[in-house]
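Following are the structures in question.
Each of the two complexes below includes chain A, the first together with chain B, the second together with chain C.
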Partner chain A sequence: MKPEVILHSFGYLTQAAGVTIAVSLAGIVIGFVIGALVCASRVSRRAWLARLGGAYVSVFRGVPLLVQLLFIYYFLAEFGLDVPAIVAAVGGLALSSAAYQAEILRGALNAVPRGQAEAAVALGFAGSDIWRRVLLPQALRISIPPLINEFILLLKASSLVSVVGIAELTRVSMNIASLTYRPLEAYVGGGLFYLAINLALAGFGALAERRLAADGAR
Partner chain B sequence: MNPDVLWRYLPSLISGFGVTIVCWSAGGALGMLLGFAIALARRLPLPPLQWALRIFIEVFRGTPFLMQLFLLYSGGPYIGLRLTATEAGVLGLGLYSSAYFAEIFRAGFASVPRGQIEAATSVGMAPFDALIRVALPAALIASVPSIVNMLIVLSKETVVLSIITVPELMYQMQTMAAETFTAFDAIFAMAVFYWLLVEVVSRIGARVEARVTAFLAREGAAA
Partner chain C sequence: MMHSDKITVTRREALKTGLAAGALIGGTRLALADDTLAEIKKRGELMTATEMQFPPFDISDNGVYKGLDRDLVDAVAKEMGVKASYLDLPWTSVLPGLEAKKFDLCIAPVTITKERMKRYAFTVPIADATAALMKRANDASIMKPEDIAGKTVGGQKGTSQVEQLKAFPAKLSKPVEVKEYVDNNQSYADLAAGRIDASVNSLPNLAYAAQQRSDTFAVVLPAFGQPTYFSWVARLDDKSLIDAINAAILKVEADGTMAKIQKTWFGQTMDLPKTVPEPSI
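Let's look at the complex of A and B:
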């Protein structure tokens, strides 16, 4: 094992880590928007909307991410849409993450005590105000720790976008491995970057959880 | 998709499905055994061992599965670990899931009320007996839902093995797609197939879970 291989490629790995973070961040943010819509349709009183939301979650949680990514990639090609691979990559991550985020949001909504909505009705809040001022703010804060956790999972899952040719951490580690004939060092180096990012995120998540718990106790 | 194409490739697809099932069950079994051993070892009062196990769990849960596979498969030979793709795949699934299973079993043990162990020792059970006969059954039952969930996650991870050329279903399907220029059809079929597989496995898992924890519901109703 030659640790200097990792040092030599430090610049490339840092850049690649940036791509990994950017792709995952785009995936989680777009996924949140789609996930919120899916969640809204799942809790809707219209049966067909609720069923549609349920089907979305079932499909996107049931099909392996690699299959989803390749599906989107080939789907765009099949219909002659010449879009860069990054669109398929971010789109795949976002669509898949949306299913998980929808469930996180639904769980958080269910965790808001029933009495809150009833109290709001009793106080004469309008329907939309109950959502905007009472339910959503509470549900969102409950969902922050699991959403950070989902971000960590997505960051790891983003290694799969290497198969559609995005130069993120895993892809760049592969390239370093094949250029230097030192796979051990290359993958340990890439792995250390993932670990560092995830530990930082986990620390941030723990902090957020403590802060929110302290606020709730007040 | 052209049915003739599918028919011609059916044998290789079936063999691929077999490899998927073998990797899944072997990797899952390995991960569960290793994870259980880790969970037990974490109860030993040996600080250096605790740190080592903590690092093991953090590393395998904090890095992508694909990265671990690459390290094992192409980095392995440099430390005298020469594995075929399938061996590396099974070992990779086992190591990766063992970190998660270790935490599942640890949580299971943590969920057993302290009083139960204390009661067992106060009626004269040796600490080892209290662990095996009192804490263990309760811990295992408490872990069942998480175990089922992890096995479902693992079934989806088997697809990643195709990247290191393990001849499982996804790999065979991609070979077919490349040879017959049917990429879109093949990937569509894959999506449907895996969705059905995960649905079926989830249903079976829910059944098993209900069955194993049925007595808890009865106890709750009686109380």
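Let's look at the complex of A and C:
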């Protein structure tokens, strides 16, 4: 073990970690927006909308992310649709993560006791207020731990975007391994960066949970 | 909204049909193929891709692309009056990316084989690709290639060097167990860790690896494989591009630039065929 290999490549790894964070963050945020829409359509009373949401989840959860990325970047090009690498990377992460996030949100909605909505109706809340002030805040609080879980999984899955030519953390660790012929040091370096990012994410999740819990108690 | 969407689709369909008809009538395919060279000249940029994990050909040193391929393609692009750009892709994505027209030229060294010649257009050779073996420096049981009889050898899956390794034991007394890896670096790592007894790769790659970690690795000489060569590849119908690249490579060889580049990355110079050789494998 030669720790100086990690030190020598520290700047390179930091830069790659930045790419990993940026791509993942964009994927998470866009994925959350799409996921919320998909969840809304899945719980819709309109049968065709619910089926459409169900189909989305089946496809994007059922096809491996790697295949989705290759499809967006290489297969669409066959039809003259030249998707830039960064768009393919963020798009692939977002579309795939949206399926998981939609199910997390749906599960959280289902976990809010039925009596809550009934009580709100009895108290004379308007329909939109029931959603905004009663159901969504509770569902959001329930969904935080599994959402953070999904964010961490997505961050680690983002190593796959290297297939479209994005130099993210895992890819750069491999580059360093091949350059120095010291794979152990290179991957330990990359792994430490992942750990640091995910610890920060988990910390953020704990903070959000505390905040929301305090809000609920008020 | 739905209505206008439908019209767009119809238009696109019409365009597609028109293009297909045009291709049938006027041989659009040929015209499109010739466009690659014209387009490179127009944009002033030769777009290339490789996997930057193949020292001494392709290295990403703290994010800076280096290696024999880099120096050579820079010289070639200069001859063509354009600048080169480089994309780092995993090897499994390089040839699909070429076919999807994500770039113009694959500058990852590709071994010329009969099978590959049917699918891709090869440039004249840029380096020797003859398969050889590397062992642990302290392993006295392997002194010549034939000594791997009954031992375990690793290499990168899908490479012609591994295919040559698989054909080699036919001449040996005992079979050789072949372990295939996603890339050569894992094979080297397992060699260092003692899980395998030797790694197969092209002689230039191994010579560089052994030089970088001479305490751990040593090359087993002579190379055991059939004489083969590395070339760059373009799409099969990009004839004019290949001709332009070939002319530039030969020019760079003639004026001594190639020898200088070889000296930098191989520590020695070597002569290469001036035409695309008939593949021996």
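Keep this in mind: the second predicted complex is superposed on the first by the 195 of 218 C-alpha atoms of A that agree within 3 Å, B and C clash if a C-alpha of one lies under 4 Å from a C-alpha of the other, contacts with A are read in each partner's own complex, and residues count from 1 in each chain.
To be clear about the criterion, contacts are C-beta pairs under 8 Å (C-beta built on N, C-alpha and C of every residue); 3 or more make two chains touch, one makes a residue touch a chain.
Worth saying up front: this structure is predicted, and the values here are computed from it rather than measured.
The superposition on chain A brings chain B into a clash with chain C.
In the superposed pair of complexes, A:Gly124 makes contact with neither chain B nor chain C.
In the superposition on chain A, A:Tyr194 contacts chain B only, with no contact to chain C. With both structures placed on the common chain, the touch criterion links A:Ala167 to chain C but leaves chain B unconnected. Looking at the shared chain after the overlay, A:Asn175 reaches chain C, while chain B stays out of its contact range. Judged by the number of chain A residues each one touches, B leads among chain B and chain C. In the superposition on chain A, A:Pro183 contacts both chain B and chain C. Contacts of A:Gly115 after superposition: neither chain B nor chain C is touched.
When the two structures are aligned on the shared chain, A:Ser9 is found in touch with chain C, with no touch to chain B. Once the two complexes are laid over each other on the shared chain, residue contacts for A:Glu78 go to chain B and to chain C alike. Comparing which residues of chain A touch chain B with which touch chain C, the overlap comprises 70, 74-75, 77-78, 162-163, 174, 177, 183-184. Those residues of chain A lying in contact with chain C across their complex are 8-9, 11-12, 15, 70, 73-75, 77-78, 82, 162-165, 167, 171-172, 174-175, 177-181, 183-184.
Chain C makes touch with chain A in their complex at residues 49, 52-55, 59-63, 87-90, 92-93, 96-97, 99-102, 183-186, 188-189, 209, 212-213, 216. Taken in their complex, chain B has these residues touching chain A: 58-59, 62-68, 70-71, 74-75, 78-79, 156-157, 159-160, 162-163, 170, 183-184, 187-188, 190-191, 194-195, 198-199, 202. Chain A meets chain B in the complex at residues 1, 58-59, 61-68, 70-71, 74-75, 77-78, 156-160, 162-163, 169-170, 173-174, 177, 182-184, 187-188, 190-191, 194-195, 198-199, 202.
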